[in-house]
Amino acid sequence: MSHNSFGHLFRVTTFGESHGPALGAIVDGCPPNIPLEAQEIQSFLDKRKPGQSRFTTQRREADAVKILSGVFADRDGRQVTTGAPVALVIENTDQRSKDYGEIADKYRPGHADYVYDAKYGVRDYRGGGRSSARETAARVAAGAVARKVIAGVTIRGALVQVGPHRIDRARFDWAEVERNPLFCPDARAAEFWADYLDGVRKDGSSIGAVIEIVAEGVPVGWGAPIYGKLDADLAAAMMSINAVKGVELGAGFAAAELTGEDNADEMRAGKGGPQFLSNNAGGVLGGISTGQPVVVRFAVKPTSSILTPRRTIDRFGKETDIVTKGRHDPCVGIRAVPVGEAMMACVLADHFLRHRGQVG
Amino acid sequence: MSHNSFGHLFRVTTFGESHGPALGAIVDGCPPNIPLEAQEIQSFLDKRKPGQSRFTTQRREADAVKILSGVFADRDGRQVTTGAPVALVIENTDQRSKDYGEIADKYRPGHADYVYDAKYGVRDYRGGGRSSARETAARVAAGAVARKVIAGVTIRGALVQVGPHRIDRARFDWAEVERNPLFCPDARAAEFWADYLDGVRKDGSSIGAVIEIVAEGVPVGWGAPIYGKLDADLAAAMMSINAVKGVELGAGFAAAELTGEDNADEMRAGKGGPQFLSNNAGGVLGGISTGQPVVVRFAVKPTSSILTPRRTIDRFGKETDIVTKGRHDPCVGIRAVPVGEAMMACVLADHFLRHRGQVG
Amino acid sequence: MSHNSFGHLFRVTTFGESHGPALGAIVDGCPPNIPLEAQEIQSFLDKRKPGQSRFTTQRREADAVKILSGVFADRDGRQVTTGAPVALVIENTDQRSKDYGEIADKYRPGHADYVYDAKYGVRDYRGGGRSSARETAARVAAGAVARKVIAGVTIRGALVQVGPHRIDRARFDWAEVERNPLFCPDARAAEFWADYLDGVRKDGSSIGAVIEIVAEGVPVGWGAPIYGKLDADLAAAMMSINAVKGVELGAGFAAAELTGEDNADEMRAGKGGPQFLSNNAGGVLGGISTGQPVVVRFAVKPTSSILTPRRTIDRFGKETDIVTKGRHDPCVGIRAVPVGEAMMACVLADHFLRHRGQVG
Amino acid sequence: MSHNSFGHLFRVTTFGESHGPALGAIVDGCPPNIPLEAQEIQSFLDKRKPGQSRFTTQRREADAVKILSGVFADRDGRQVTTGAPVALVIENTDQRSKDYGEIADKYRPGHADYVYDAKYGVRDYRGGGRSSARETAARVAAGAVARKVIAGVTIRGALVQVGPHRIDRARFDWAEVERNPLFCPDARAAEFWADYLDGVRKDGSSIGAVIEIVAEGVPVGWGAPIYGKLDADLAAAMMSINAVKGVELGAGFAAAELTGEDNADEMRAGKGGPQFLSNNAGGVLGGISTGQPVVVRFAVKPTSSILTPRRTIDRFGKETDIVTKGRHDPCVGIRAVPVGEAMMACVLADHFLRHRGQVG
């Protein structure tokens, strides 16, 4: 019921505010004897870290992670998990000292300011407090642990749409994702988007995006029927990321336009199970993995932190205008790629353990 | 962790197979002193019931619900909830006696047959067993109880797209939804779709659809940050419905194409809170309701139960073809409308109670 | 969070009131391919059934259980679990039609009448409604399923104290438990108690008791540290049984009087693990099973349903007296034996699955 | 399902090992706008802190707590909770550098060494790792937050038995508890116990104890029927404390010896509810608080860390002897008093929020 936890057997609890002393994650349920070093987690944090290109916020955070518990160096000096909770802490270092006067009182449209105040009667307005995308650093750290739990699964993500501009599927290349700062799998689109985003940034505007996460190597059988569906958990996981407004699997919304003949993924005899002739299902049927790649896409809205004044009200109910001048991402979708990967990893690690418990 | 339960404070557990003796739901956490009669639940079941028009399966089920527990008639004869679990049971009556030989051994593409066998090593193949859409009757029954818990909230659903054909938003009329068997809010589209679906049905084919569910009267403050987000729970709830492949809130996937200027829902001073000038957020910001209508859409794939033979394998791994001849829906999206409403009701009832517990 | 469910991977949800149409249990998480017939469950229900000797309530209930879901007869006609929720229903048949006038308004001391009214503002007073020990029939049914999940474990219970009279440990004989209606493992005590209880019954009085439940064959490693402790879950499970006021493992409260030298269960080399020289731990250390028998005892208070008038108030706050004339057990501890066994089985089945999920 | 978390709406997750860099607790679900300063938590930690008298371990830990998240200083400089998770961290400072050779390989009888190794295949043997009573510092910190949530409830604990020596109930005085280092409410017993424990300590032995925790000011109605019982949660909470072997409420095990006449807590008309003439129920009936003081007792076994050699085996299965020379408590029951108070506070805070959610 805890709203800062997700997962069941592999359970992640996060804490921390944008401008507090630290944030972190407790990973409970990590099986024992898994080699785990802080630098393995660090490499994923570095991918999400702000300030790495001109397309993301210029806040500078080392995002250096420390493991406080749950690991033990055996007699050979090799550090492994013990089955105890793995506590991961990241100190905040660049909470720029500044006057929060304006956002302390005014509600930024498209942000959680108003609803937090209305719900809780108090709000940590410094950088968005708990609602800041900075919380996703803790997710990425937890996701790095999850990847170790499901070592045979490869999880990769890519930006497949920026504003109205989509990649060309024919040019999709995972290797390209590593080469450009936009996590774009299409080299030509990456170039075009860079120019396009420069324009957005110079206008003090922002733009939405679509991210695709693919997990390969998931065996048939993970997930469960009815309310324990793998795809339902993936939908919740992705929707829980800041700014996400839509989630789909496989053919997704396009499936609404298909006939039964076109949508059915036909099967032929393969090695150790069926060979599917298509993957409209996105690797999940009846809530259970089919053995095909699990394919999830999610849409991220543009941040409302822009230079064009927007009409709003303040906490006293008075009408006013607001311009958000802080360090912000012109396209928050970019940094959502490693976060989406982390959520995929956490959901799969949980279902791997659940499957093992339930079916043996 | 139970994969046949959802919700936390308002918690629904369902059971039952398509061709077993009965199916049902246990609703735990229903507050006391809420008037509740079986016929109130029945009216929602009747909406979902099969065989009501030529566009849905011709299976005939009375879907008559009985309340086994959790209610008590007070001295005035008025029946109210007591705070104890409300058990709802629906007997199956039209499990047509037939030879299941073919689907007992063959895996229907697009169905859960293969994954159930692979996961569990056993499968109740009669009518799809637990994976049958018949399970959604239990959801609708539970949803009827949920509506009573959040009596001030109005929840309505509509079919807004069938195959490639969308409604005209300018003609959206809730009253029209009650007048046609397709739950279509656009009278002209309803007529066109009826012809279109007749064609699909005569071809022994099937088609996907998009459903929209709107909840009005949800106050600001329901939901929670991070992993307890109202929109994340709605995404999971809708994705858990059979055949759903995508879920979105407010602007949804279209938000990817918007700029921050266009996407931000500006605010003016209203009575008892802000008046929003648009609802791209779909009534949820930072995981918490804004007081605007909560707007969710989900995409339903076409059923793979069609008359055109599809290539598949059997449980021995042998290649074969399959034609599904049973009584099926040409567009399962139609009957998903009351199911989507029920899921919205259950999620909101849960968050209403959670909000009350957490904030008082 | 559901207060009518317990367990996590093996999860039981019960419903039903003493005088409603039926009660039952949904067993979720039962692994697939376990042979399960209704009569196997029935045999345990028969053990708990009222009216079997002069020492228990004379209410006559067949307690006939039906399996509504979660099983499937395979091609050989052998019925097995499928991994879907197993719904078990028991109809109430002997809700004697009578005037509830007195207990409808008066609060019976030692019963939940007052607190239910105070908490919920409504109360099903017919036979105690949801708070009736009749709910434990559903536990026993679920426990019968749990036993099948942990087929290698033997769970037995016995009455070891009635009022001030304890068994003689030197005469403890499990075979004797089956021979007398008191589940007493000491033949001589059984005889003495029968006379003693006849006196209690004739006086219209009641008396407390202590029950011991022993599970043999539990391997080392079930359970978990900190808040997932096997003994903590057993304590909650036993304390959740009606009328239980105390729970202990192994040496229990007597451990308070022991020195470290006497309490430590020393170890010698055994086959496949240590051989313990004593079992003060009751089979659990650090929350995890040691491989020794798991030994739990719990104390049951005397029912307050007695013929001697007790001072109380009614629901209007007025002072009055009450005499409870219904059909009641002079020693509710007797029928708590099969209930305690069932709870032990459910907790162990849950921890078996959790262990398998967590550690593999 | 997380085994390092407890509670539902007020949910505590702890982490950390005895000799790791730090331990701590995440308190999720703490309502907003509760004033909370680190020093308030510190005062409870100081009560549990080791090394405060000759009767507890001589390990020296400052046990200084830091709040990393979930609080915000409002415009008046007053720090309050925000509804976000409160992360509490305590650094370990006195992990004495020493050779763990012996306990690294040998299993201490009565400790979790063997079962951790058997379950996890790896064990942090430094000071007991995760199974160390040091984890209870995190519970005490969380309990301090819980107390603020239920500000009207007074929770106090006392040692009521050491070895075979009980207090004289006629001399019970809460004020006395603060005056002696044994948390003993009977001045004369405190003196006697001090001498007795000096003997135990000088012998290098250890002894068990019984602790009583009383919560006054709990209104009628907290708790829930069946598996959400307040007393079941208290039983689990207390049993989850290291070394606890038994738990009872009110008359507890003594209720087994009572007749219904003697056990029933009669009622007279009181202000705003009944006035009970006794409290054999310990403040809980049917799992729900009655408005009387909630009274829980639990038995703590003697630590097995003693100077007398005990027979055991090592991790290779070889027979050996062990003497535990470290800094240990002759009576771990003493420091269990503030821990028991903390668990009572956490359980009550959780049920307060649950009650509010469920019933409003």
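First chain written, first letter: the chains are A, B, C and D, and each begins at residue 1.
Note that contacts are C-beta pairs under 8 Å (C-beta built on N, C-alpha and C of every residue); 3 or more make two chains touch, one makes a residue touch a chain.
Because the structure is predicted, anything quoted here is derived from the model rather than measured.
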If a chain touches chain C and chain D alike, it appears here: A, B
Of all other chains, the one whose Cα centre sits farthest from chain C: A
Centre-to-centre distance between chain D and chain B (centres being mean Cα positions), rounded to whole Å: 46
Interchain centroid distance [CA atoms averaged], chain A/chain B, Å: 27
Geometric centre distance via CA averages, chain C-chain B, whole Å: 38
Per-residue overlap in chain C, given as positions that touch at least 2 other chains: 1-5, 8-9, 14, 29, 32, 83-84, 119-120, 130, 225, 354, 359
For the chain D and chain B complex, residues of the former touching the latter: 1, 8-9, 29, 31-32, 83-84, 225, 353-354, 356-360
Contact set on chain C toward chain B in their complex: 1-5, 8-9, 11, 13-17, 20-24, 26, 28-29, 32-33, 66, 68-70, 72, 74, 80-87, 89, 119-124, 129-130
Parts of chain B lying in touch with chain A, wherever the complex brings them together: 1-6, 8-9, 14, 107, 109-112, 114-116, 118-120, 130-131, 135, 161-164, 200, 205-210, 220-221, 223-229, 231-240, 242, 245-261, 263-269, 273-274, 277, 280-282, 285-291, 299-306, 308, 310-313, 317-319, 333, 354-355, 359
